[in-house]
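The structure's right below; bear with me while I get my questions together.
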Amino acid sequence: DQPLLLIAGPCVLQNEAISDQIAEVLVQLNQRPDVNVVFKASFDKANRTSVGADRGPGLDEGLAMLDKIGRSSGLPTTTDVHLPQQASTVAEVCDLLQIPAFLARQTDLITASAETGKPLNVKKGQFMAPEDMQYVVQKARAAGEGGVLLCERGTFFGYGRLVNDMQALPIMRSLGVPVVFDATHSVQRPGSGQGSTGGNRQMVEPLARAAVAIGIDAVFFETHPRPETSPSDGANMVPLAQFAALVDRLLQIRHTIQSIGQLNGVSHAS
Amino acid sequence: DQPLLLIAGPCVLQNEAISDQIAEVLVQLNQRPDVNVVFKASFDKANRTSVGADRGPGLDEGLAMLDKIGRSSGLPTTTDVHLPQQASTVAEVCDLLQIPAFLARQTDLITASAETGKPLNVKKGQFMAPEDMQYVVQKARAAGEGGVLLCERGTFFGYGRLVNDMQALPIMRSLGVPVVFDATHSVQRPGSGQGSTGGNRQMVEPLARAAVAIGIDAVFFETHPRPETSPSDGANMVPLAQFAALVDRLLQIRHTIQSIGQLNGVSHAS
Amino acid sequence: DQPLLLIAGPCVLQNEAISDQIAEVLVQLNQRPDVNVVFKASFDKANRTSVGADRGPGLDEGLAMLDKIGRSSGLPTTTDVHLPQQASTVAEVCDLLQIPAFLARQTDLITASAETGKPLNVKKGQFMAPEDMQYVVQKARAAGEGGVLLCERGTFFGYGRLVNDMQALPIMRSLGVPVVFDATHSVQRPGSGQGSTGGNRQMVEPLARAAVAIGIDAVFFETHPRPETSPSDGANMVPLAQFAALVDRLLQIRHTIQSIGQLNGVSHAS
Amino acid sequence: DQPLLLIAGPCVLQNEAISDQIAEVLVQLNQRPDVNVVFKASFDKANRTSVGADRGPGLDEGLAMLDKIGRSSGLPTTTDVHLPQQASTVAEVCDLLQIPAFLARQTDLITASAETGKPLNVKKGQFMAPEDMQYVVQKARAAGEGGVLLCERGTFFGYGRLVNDMQALPIMRSLGVPVVFDATHSVQRPGSGQGSTGGNRQMVEPLARAAVAIGIDAVFFETHPRPETSPSDGANMVPLAQFAALVDRLLQIRHTIQSIGQLNGVSHAS
């Protein structure tokens, strides 16, 4: 049985102490035979609601930090790419390139990222049907052999709300790619008029359980020793102290799913 | 651990042979200690898309059929009530009264149904927020002591589509009532311009797995020996021959959930 | 050029003084050659959010009030029908029967109302595509010759919000029926968790202007001498003192539309 | 009274003959005192659904074409910018910089574009509330003095559909900026599974009439002598032969609006 791919980390790179603290928990989790962990952090939050919001250390410093984390922890790393010209530099350090949901339709970004030969984790745009991610997969495959994962992170559902259409998981899986469930950003509440995006951490586990029960390949969480101090997405993050237990619960569901037939009924979309 | 409440049956009452065939499978399932089965069928499809569509046997004949099925199978029964004046008659035969989603806001229907003293299974309107079902619960509790269940059956998501907001399950559960997941009507495709409502049976199991993994109390399926011959909802129904195996898979997920803590993180909504 | 049909009144019947005050303004407006006014008020608010909310005088008293208003003002009247058995009684007094949006799919209600021979004003369900209103028209035409109008009053757009898809106006018009724009209920904010439905009166005129510019046949407003004292929908109502001027502005737009070709490009839907 | 700003042109730059043909009609329209015309065409369609779709002449050739059109016609020009590093080059040629809807939240693109000192026309993201465009306006104003316009081009409304929330027009206007209505892209039907985006030209005029009646400042159309031969958005475009008459009808509505008070009731949002 395939191990669960677990993409996790702080939202944005802050400082070495926090990253090391998180990496330590992830390294331990990675020793389980049923999990493969990838460390994720952003070097730049390029689409913050407000112009004054904290954006992170930037490309050069951020990649240096990711490189160090990867070497010291032994974990593969991933980060999000915002411009075509960033792709090759990021690919020198990271093992997986993440494409932000708002940019899922930007052809040059997909192409430049795929041309690095690294696999892509493309988030489904909040404005896209899961079926339409097939064209994104085609764009990536036309440019590189590194492979593609598709990620569900919520779909627009009226102003200020996202919804996870769980039917999107089997639909995207039927495109022949592994599917990631982003349990952190799915519970965002895009801030209508407040100047920042809110969230609801209590919904992280119910949604992650649901996604794992359907039979996804990977799950993405942001975690932090003190979420309330994170510069971004603090309201959605899993406190680090609770993270390993949460993952363990999800893995128990996954083992049950694997024993009863993971793909039963989920491999074909209408 | 609480057994799963399984509400199941053909969509609409057709004839004794079909009902008996379905009841036989349900009686067998009911012998499991982890399941309590309720037989469900409609006497009238009161809101068909088209005026010429088949509606069922009507109140008197339908209740006679349900009464006979209940007596011969020993299963409790339920059906949907469309008008206030039907409630007391239905309550003479059925053990649970179902309120259709379109009618979830009709005060007199809720009141008359609750006044029978029987429990109500109220479907969340496709046009309602889960939080707003609290007022429906209050209406029912003001009129009777029989208890209320709330049922998720899909929310409007653009013309011709429904989406299950899985966050609705813990939100409605936090109102202090058991929550039902309707795995059959959730996969409807309300027919834009075709004169009838379509569906996608392949999504029934993924969604039901997701709902069970979140920790619901009850699940509702329509099943039929030959779904393609059903006068209504055939495209969404589970073929009877596959039904027991499907329920068994869901129960395995439920047992895992129960062992890891069914309510962990799902009991409070924002 | 066809006069604009103007359906207006207080939301719910309160007392004679208020109704008379409103009727007086409407009678005056009705003297314009470019307007035909119908007085509208509800005898029962049958789907209030909360069980304790005020519902109105009920069928008998309400119809007596409507009858009196109709006779004294000379205006035709309309009210909403909630149950099939109310239709014939309502039709004895009212000239137009209104079907609530939540009930737009209830076949027996449409049939009983159409059988009275009176025209129906059916509100599009918040959960329905405009194209699908064709089946409602068919249900009405199968039962009576009185004619049908279709009314746009907002479509579900995430929890707590409605949106007016203005494309629905030409689409419903292409079904061969006059189209009404309900400028009052379109600006409702269904109350997520507050126990009542809010609204935004300032959007009434912009939306009404837009609808008139597209080329509708009728417009529906609730108006009240002191909206803040109305038992229902006060937040959406047009203050009576501003009502005639608002209608005059809309009629100026309508005259322009009529001079440039009312139906140009709007009569066919895809 | 303020003239209507009319942004128009072919979708994407094709060849000189077509651009000249369109410019000729626009130059003539621009002689009206009640209209100011800006010529719009894209040098790159950077987010086509499919990787094989035609993208346009690219930055250098495209700007050369726009420069030539601007000089020969005397019309100001605009085009869309996709990457921060394109902004200053585009600003050397164009008078107005357009920010694509998918990119409305990309801070660096807004900043770089605003830093050119040219005004920006930012399309509201299909995934954004109109209120939240205030933060986009702040980003632009923090970087440059050229001014900002906000553009409504449709909001996600279920897979494969957009809706124009006409309430967004007064809401965005209340942010203190001119508002553009994009009558062409609003009628797109994002292609669910077909590999390209469809549209419905017949809805262009109804929606444009509605927007003008509400009291917007600018309207954006794509027009083409033979829309069916356009490499992109052909299904939504106004045939060039019908364009001047359409604009004339809209201007008649606008004159009426101006005479009755353009801003009456539309300047404040809830």
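A, B, C and D label the chains in the order they appear, each numbered from 1.
Assume contacts are C-beta pairs under 8 Å (C-beta built on N, C-alpha and C of every residue); 3 or more make two chains touch, one makes a residue touch a chain.
All of these numbers come straight from a predicted model, not from anything done at the bench.
Summarising the inter-chain layout, the chain whose CA centre lies farthest from the centre of chain C is A.
At the chain C-chain D interface, residue numbers used by both copies make up over half of all numbers present, so the two copies contact each other through mostly the same positions. Two chain pairs, B-D and A-D, are compared here, and A-D has more C-beta pairs in contact (counted per touch definition above). With centres defined as mean CA coordinates, chain D is found 48 Å away from chain B. We define each chain's centre as the mean of its Cα atoms; on that basis chain C and chain D are separated by 35 Å.
With centres defined as mean CA coordinates, chain D is found 33 Å away from chain A. Chain D has residues 155, 157, 159-160 in contact with two or more other chains.
On the side of chain D, the complex with chain B involves touching residues 157-161.
By the touch criterion stated above, chain A contacts chain B in their complex at residues 155, 157, 163-167, 169-170, 187, 200, 202-207, 209-215, 249, 252-253, 255-257, 259-261, 264-266, 268-270. Interface residues of chain B facing chain C in the complex, by the touch rule stated above, are 46-51, 55, 82-84, 102-103, 105-108, 111, 125-132, 134-135, 138-139, 142, 155-156, 159-160, 190-193, 195.
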